[in-house]
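Once you scroll down, you'll see the structures, which are given as structure tokens.
Look for chain A in each of the two complexes below; its partner is chain B in the first and chain C in the second.
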Partner chain A sequence: MDVKARVRSYLRQAVMEEVGDGDDLFELGLVNSLFALQLVQFVENEFSIKAEREDLDIVNFSSIDALTAFVLRKTQPPPGPGHAAD
Partner chain B sequence: MEFPNVGVIGAGTIGTEVAQCLAQAGHRVVLVDVETGILDRARSAIGENLRYASLFDAGVREASHAGILSRIDCTTDYGLLADIDLVVDNSTESRPIKEEVFTRLDRICPPDRILAANTSAISITRLAGATRRPDRVIGVHFMNPVFRKPVVEVVKGWHTSDATVEAVQGFLGGLGKRGVVTNDMPGFVSNRVLMLAINEAISVVHDRVATPADVDEIFVKCLAHEMGPLATADLIGLDTVLRTLDVLNESYGDGRFRACPLLRQMVDAGLRGRKSGKGFFDYSGQQGLRWT
Partner chain C sequence: MRLTDVQAGWRDRARRFAAERIAPLADQIDRQQATPASVLAAMREEGYLGAALPARWGGGELDPVSYGLVTEEIGKACSSVRSLMTVHNMAAQALTALGDRHQRQRWLPELCTGRKIIAFALSEPGAGSATRAIGTRAVEVGDGYLVSGTKKWITFGQIADLFLVFAHCEREPVALVVDRHSDGLTVTPVTDIFGTRGSMPAEVRLDDVRVPRSHQVGPTGAGLGFVANLALDHGRFSVAWGSTGIIQGCLDACVSYTGRRTQGDRTLKDHQLVRRHLTDMLVAHTAAQAVCYRSACLRETGDPRAVMETALAKYHAAEAAIRVANDAVHLHGANGCTTDYPVARYLRDATVMGIVEGTHEIHQVTLADYAFQRPYLR
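Coming up: the complex of A and B.
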């Protein structure tokens, strides 16, 4: 299952409603703010990544699209030579 | 800064958050509990809470978390409170325990210092009676998550002076919060009303009228509450809800606040809500979370 499908599946279970890929979970009131940390823990455990302090911005966790982009950014190897990760 | 050094008694869920909030605002904190194990857990919880706070607050995201943590001294030694500027007590919600804590604080802290009780329901007047400074004893009922709540229920005991109320308002102002001042009857405003609602919601589940998810959905979706009563109970901690109901039951003595047997059984079974990973809902992160 690809990243987006795994994120979608988790959220469907958690929210118990259909969630559009671009829907803002918090603005739409689908979850309350306390759910945010669970989302962080979910992506960390599910994809074996670590959200660093600078990553901990709610915009990275507010929709399926945002979560997917965040996970891909953290899991993809850094670009080739000449583009060393900063 | 007024009150640069603040003592925080009790490193449970709420005491830990109060200590964090104070350290974020630049206070030095002495966090006291009876066991070093609890204090160790509190330190790691604060680290985790700072991550949570970062999600919503760029100031916290950019601040040095190590620096915030370094402003908190964890200790089992009440003696370190001897020159503290103000104390916020968050000890267990039990009248005998809190009375003992206040008697002890009264002996240790200089007589002109304010002793504030963070309590869900215990009479401030009664706690003040355990000290020789009843005019400087006041209730400050923080609710969690502490760093996200702009308002604190401030409770004026029988003898609490206006100067104490004013000083505490200043102290809360420094944390970016404001107190709503109430008079002192057990449960004040928030829990006198909320605990009845939570207890009745639990009875509804116990009587098989509805599932926890359905009970909460009615409050969230029909009544526009941010959280339903059962998710709120899980957040507070079911053990704390039970103790609060017991305090209210003892205080008013008219049966309104008699805890539902299901609540007592869940606490006996170790289901204490969010902090234990399971209460009316599951918080383990892996199974079907029922959030609305």
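Coming up: the complex of A and C.
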């Protein structure tokens, strides 16, 4: 399963409602404030990444799209200096 | 639940320590509304102040079960002393997880050994359950903030060296480490509280206190949702285990009292209705400990369910502690209403467990959301 499908599957089960990929879970009141911590643990466990201090922006955790983009950013290594020369 | 040798070792050591060094002073601590410096020193020497903090910085780095068991033993002896472990570890945990490298290097060595105490300063006279309503303001000035506002009910605020203070910068929540000796910071003891009377609570007033930006924990905007919530999650775990300690204390006191006290020609324990109370206490302790163990095991593996299961454990254990402590006072009759027996103190301390780290009602509302998650995610 790709990243978005895994995130979507988890969120739909956790929220038990139809959630659109761009829906803001917090603004729509679908989850409480503790859910943000639960989501941090979910992405860390599911994708073996570590959410760093600077990642802790609620925007990164607010929707399926945002979480997917966040996980992809964390799992894809930034282009190293060698890339430009290649 | 089968404990490892290490976990059983921590529990047994804490049990001995609490029985010998803390329990004999618990009534005095309650009466005098102060935890003696000798108790703080002993807690420090045993490594309990940095028990949950990383070994790299001098902490005990106890696994969640060991930490829970230690907390239960200390909580059984004295909830006020246990509350020091709670606030210090929860604030320092937030610093560990969300502080930057310089902040960890600067503060963790002294926090891990307990040479410095850090308190958690979120609540205000007008903002308790609704944390977003905090009125403390942080105004950006040069390379830092000017912070103004009043924090209240700050456990061990009377002796803390540092405060983890939550404020709004514009409309964004920020978390800041503030030194007790900062100009413009005033600490006033809050006296005559109902329970955990030895927890030395304080009102902390900040009048244009200058706080360097290097003292900000986590990014702007993350102050409540991440920093405060992470600390409170650790706090709930500790309060849950502390509440099981109160239940165990009540059960021990009632077994002892009802086994000795006679009315007419019978010992209290021979009355079936009295025995029923003892059974209920035993079941309450076993059940509270079971939810605490469950939450500890989920925390150990970083399971996403850990956050809500910890809230569930805190709610269940605190609620059970209040019920059990109330029954314990009843089983002691008039003696239960005096300071000759510990049960009145247990009842007062248990009542506090239902308020701190989120009241019962806040947990009832929050946990209902968890009930709506798919069963296999719960």
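The definition used in the following text is that the second predicted complex is superposed on the first by the 80 of 86 C-alpha atoms of A that agree within 3 Å, B and C clash if a C-alpha of one lies under 4 Å from a C-alpha of the other, contacts with A are read in each partner's own complex, and residues count from 1 in each chain.
Throughout what follows, a contact is a pair of C-beta atoms (placed from the backbone, for glycine too) under 8 Å apart; a residue touches a chain by one contact, two chains touch by 3 or more.
On a predicted model such as this, the values are computed, not experimentally measured, just so you know.
Asker: Taking the superposition as given, does A:33 touch the first partner, chain B, the second, chain C, both, or neither?
Answerer: both
Asker: May I ask you to decide whether A:72 touches chain B, chain C, both, or neither, giving the answer as first, second, both or neither?
Answerer: A:72: touches no partner chain.
Asker: Classify the contacts of A:42 with the two partner chains as first (chain B alone), second (chain C alone), both, or neither.
Answerer: So A:42 meets both chain B and chain C here.
Asker: Would you check which partner chain A:5 touches, where first means chain B only, second means chain C only, and both and neither mean what they say?
Answerer: Neither partner.
Asker: Of the residues on chain A, which ones does chain B touch that chain C also touches?
Answerer: On chain A, the overlap between the chain B and chain C contacts is residues 13-16, 31-38, 40-42, 45, 53-54, 56-58.
Asker: Report the residues of chain C in contact with chain A in the complex, numbered from low to high.
Answerer: Residues in contact with chain A: 98-100, 218-219, 221-222, 224-226, 229-230, 233, 302-308, 311, 365-366, 369, 372-374, 376-377.
Asker: Looking at the complex, which residues from chain A come into contact with chain B?
Answerer: 13-16, 31-38, 40-42, 45, 51, 53-54, 56-58, 61
Asker: Taking the touch rule as given, give the residues of chain A at its contact with chain C in the complex, in rising order.
Answerer: Residue list for chain A touching chain C: 10, 13-16, 31-42, 44-45, 53-54, 56-58.
Asker: Going by the contact rule at the top, pick out the chain B residues touching chain A in the complex.
Answerer: It comes out as residues 48, 51-52, 54-56, 58, 61, 65, 145, 148, 213, 226-227, 235, 283, 285-286, 288-292.
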